[in-house]
């Protein structure tokens, strides 16, 4: 009862596109972060599905690393969003425009 | 190793001066600049080369080291002097020393930087005249621009920014055109060259020329490159119609910068023309002789006419430089021993004479703070020595016998009459007419400013020029007369180096 | 490069509950649908065992135990030993009016109790309870248990934030801060067990503990990891108490500070669900401890007694929890966090490293 | 039968039980709407202000720390699983199997030590620390 | 040849030294938090970077990782996925140089700053990541090293937490960075899907054996996404738009660090991935298009957009940021010019350019750091007439500006010229277009670079400013960078040789 790899790719592409859509439309930095997480997880789905398909474990192991890196990225990102809030009283990514003149 | 020492002394001197306190910078720079001057004079006496550096001949003070490898081509540190370049090196070193001394009065701001830049220019000028590898030469060539741009831009007159930018843009675009053309030529030469050493390229050019590049036939490529390089150097010379940067640069530049600009930088253009266009492309020289001669004559006449219309002393001298460089081009295109040799001689001679003229104008300006002919008269009353030298310089410009100007112009005309391109005598005659105009405007200006009752339309009191302003002028005057009396001092070695060019590479 | 399935690690030969039920009821003859039905039945059984246990534990056992410790009399009117209080309480709570605070964030407010209750229940899927009651046995069992147990934090946070009450908010935050502070020591200590067992599969971990550690005069002492590595056992116990939010780590709902923490604004059936969820959580913690440290359903007597031994062990842990509740004062929030990050975390990593070194040297 | 189907079934049960209870309760419970009932509870006082309060920054600090540490443990699990097998086989030396993990944990510990010393896991500052004028938050 | 025999893992020493330094700084900060012993911290960081540099140079000189005489590739692979060869060592040198300069310059820039130790350790961590990027030859290690370099960079950009510009820059850098790393990762997953491998050589083997037939679409999309990731790291079109904001808002030494070292590191993985994993012919057969086309387009677009935008700026730092985009376009020529049977000259030229760029661009940003240290302002006008008060620094600036423009007599001339000839020598129409774009853009760049020179040297100051101090560290870094920019002109031979050899070895 295995699912063909194509469906996993479709799933991951769907997830990736949702994430991308979120990235492009959301103005809240936290939503942006979540959207990026979606995209990363889309890649993870691919890695694991193809790992199963190709019969080697490389992809799965890499997916573990990816999760760790994603977490680290979020940690740094939250820190930045925190100072962003301290400075701008908002987490809307379109608010900081000091450098546009 | 002597050339390296010359350059190194100037470079290190530039650095030392740059960080020295302003107070002593002028004296320090002068002291340092004496080293290359003396050294180059010694090299001049010890000169043992013969023939042309690019063709047949033995080089003096040659040194050649591998530098780097670019694909199939090697680039090297390759310097050496022949009969054409050593007088120019001597001209450079002497003129720089004297220019530094003559700056003591006018330069009173950020002196250490000023003198540092002047010494830096000297190093690169020596490099330009000594380099025999294209890249080495090009680096020195371009490196002259930056300090000159800064000299004009920082210490210049009221419109210095405009003048500096104009100078920089004109000469840089010209360099780019020339550079691209030459690279295309080298690539076109294909396997027959393996380095950017000029002698090797010159030999390859004379032995067959390029095979074609970027879809251009070999002969077309040669012509295109010749024209592009001619245009590139013509801006530097400058010839009409690329001359407009020159008066601006001269007028705005501080006196020492003008001295160097007119005395040496313009010669870079004619020197490069001689080294590249007139050495490597004998066929094209023949083909394009008439238009080039026409340009030369137009430069002579038009430059002189423009000078006639000026009231600013510096502008007068500047335009007359355009006119004088026209003679040099005419001599080169004549392609005879006297023509090319005379042109080379004229480069040196004009270097000294224009340097002298700019110094003299500078001294007057220091005293009166005006350069307008209409603003003053009777200067001879107040500063007899300086004015006397100015008059002497003017005579030199006009080509008075026993001055170097006479010999230079005379040989050029002599050579040009012998030239075998069409209408050569006509062109020569027209150019000779230029002398009349030169005499006209110089005498007119002198008569207005120097003679008559003393009168000055500024608030400045005029007194005798200080000694350190006058000494350089005396030295220059001495050299001018010396070369006028004994032209063979350099003319022999020049012809020795020119002959291979005219003989198609044979000594 | 046509894909092939990689060789799977050896499947343990334990027969799982769904298959047993399938065989027992004959549902396995009806293809996929039958199998699904059997599985659902099995899940239903497991779910109800837990519900029954918490039903007993919550309203009755807790009071009885606490009363015993504090020398009081607890429920004793309804039924034998007051056991019928369970029924009474459930009817009472279910029929109470549901009061939703004014500014509550409804979706989160409604979802939170369900998340809290069902996440704890999910963990039992992979616990081998003995007597063949074992729903699923994936290779990653241990990680799975830790993962689903962690879901509860989200529920607590949701409950705390959606109630629009400052006490709730603080309680939710405290709950999460505490959960995450002790999650890492918990997991890392669990990892030291994995080093012994060399697998994450729950049944295999239990099997590994069946070996004999030492023989004392004919009495075989099994290699329960609580005995092999008591240090890890203690660490795990402590971390577990914090995970389930019981004394001395009950700061998230500390009644004297923030009323009832995240559950302040919950009433009626929602309160029941949260309350149930907490108790299921305690039992899940007990089940994990029992499985990875106390040999799971192992015990003297026939295999059929497994479930009995297992329940005894779970109740043992529950008893200990209530004991501590009566015996130890609550720690302050700052102490709580610092014990977690500066104490347990370091100790757990030390335990991991030492375990690894010892295992490496012995083997 | 796949393990995960069983787990899914339990999830379904886990969802159905609460929902069932809610349904029962819905049928049993009375509903007497009254405004003051719905006011949030603040120990009998009239509630002031919203719940969007600024709370201690340390909550964020430990959350960030957790995020990193917890995920790092994920990287340790595979190692822990294969450790015994690797030790028992003679293919790799003990140092080779133990060394990387020790290094990993050591680096993690350096991180923890840094966070510790810089007050990331310190819940409240003592007056002395406050007096030192550092506004680390 | 090296006299002493080192164990294999020691080949990674340049990167390991960076890691060790970063950890040492963290330990130091743990022992004595909030220390402001600037000399010790900056000294440790600079010492670590210099040690890394020395080791890398020593290895290069000793011929570590050079192809052996008997035809072996000669590279050392201490850990599967990390390889030490000439390419790796070359870029480790670049990274170490920039890091050392930054560490020294930050000594003054950070005076009075709270997070001294954190700053340096983050710099060193990012540098470790970049060093490892140079050595990574598996998509796994590449991605991890990439993130190791990126994450500290995000924090570094935003480290002036009370400066709104810095925070904004950090946010934008982070957001685009997170997005692009997600895209990059997805690209990796697609490539893995198509080939079943993450190790670059294995990917190539699969492609060449034709085992990935039928996966052309996945592979093509994957490669496209990988290019997106590189574009971000190298600040090239289409992921360049973070660069001006991030460079402008970040502390100037960090801008220098990112625009020089980070860019170089981005290029090394691009070089390695595309030369090792995707052999031109096999890939073209599979996805139906030559991937160099993509780089041709990107190169022209990047240099043109960068230079034109730079020409319109009024803010110096922003001008430098855009010019840095332009230079990414120049370096992209190295990838655009690869052909099935060559291209080592053009790739080598791109590598040379990146090394020279490491000095001249770092120097230029450090001058901005100096200006920020003085507090003179940010626009060209604010810089007017600085040379009267700080002649030496301004002389250095002149060197950097003209070198960036590619004017002799500075090292930037050589690298640009090599790029030009390299492009010409490939001879295809596309490469001729690239060469033409290079020339046009260089000429344009001279305009805005000389504008800064003009402001500093020629213009008169808008208002009187007090005496300017001469911070030792910044001056030292500035002067070293300037001297090297000039000295490399003469000493270009070894660099050119090292770069072309490394490129040839990578392409072999």
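In this document, chain identifiers A, B, C, D and E correspond to the written order of the chains, with residue numbering beginning at 1 in each.
FYI, contacts are C-beta pairs under 8 Å (C-beta built on N, C-alpha and C of every residue); 3 or more make two chains touch, one makes a residue touch a chain.
Given the structure is predicted, the values throughout are model-derived calculations rather than measurements.
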TODO: State the pair of chains with the top count of C-beta pairs in contact.
DONE: C-D
Task: Chain whose Cα centroid lies nearest the overall Cα centroid - done: E
Task: Of all other chains, the one whose Cα centre sits farthest from chain B - done: C
Task: Geometric centre distance via CA averages, chain E-chain B, whole Å - done: 43
Open item on the list: How many angstrom lie between the centres of chain C and chain E, each centre taken as the mean Cα position?
Closed with: 52
Open item on the list: Can you work out the whole-Å distance between the CA centroids of chain A and chain B?
Closed with: 66
Open item on the list: Centroid from C-alpha atoms only, then distance chain B to chain C, rounded to Å. What do you get?
Closed with: 94
TODO: Any chance you could list the residues of chain E touching two or more other chains?
DONE: 196
Open item on the list: Give me the residue numbers in chain A that touch at least two other chains, ranges are fine.
Closed with: 5, 53-56, 61, 65, 72, 79
Task: Where chain D touches two or more other chains, by residue - done: 63, 70, 116
Task: chain E residues within the chain A interface of the complex - done: 139-140, 143-144, 147, 151, 154-155, 158, 161-162, 164-165, 167-172, 174-175, 178-179, 181-183, 185-186, 188-190, 192-193, 196-199, 218, 244-245, 248-249, 318
Open item on the list: Help me check something: in the complex, which residues belonging to chain A touch chain E?
Closed with: 5, 9, 12, 16, 19, 23, 29, 32-33, 36, 39-40, 42-44, 46-47, 49-51, 53-56, 58-59, 61-62, 65-66, 69, 72-73, 76-77, 79-81, 83-84, 86-88, 93, 96-99
Task: chain A contact footprint on chain D (complex, rising order) - done: 2, 60, 63-64, 67-68, 70-72, 74-75, 78
- [ ] Mind listing the chain B positions that touch chain E in their complex?
- [x] 18-19, 66-71, 110, 112-113, 124, 138-143, 145-146, 150, 153-154, 160-161, 164-165, 168, 172-173, 176, 180, 183, 187, 214
Open item on the list: Quick check on the complex: what are the chain C residues that touch chain D?
Closed with: 16-19, 22, 35-36, 38-40, 42-44, 46-47, 51, 91, 94-103, 113-114, 117-119, 121-122, 124-126, 135-138, 143-144, 161, 163-170, 173, 176-177, 180-181, 183-184, 187-188, 191-192, 194-200, 259, 264-265, 268-269, 272-273, 333-334, 337-338, 341-342, 345-346, 349, 352-353, 356-357, 359-361, 363
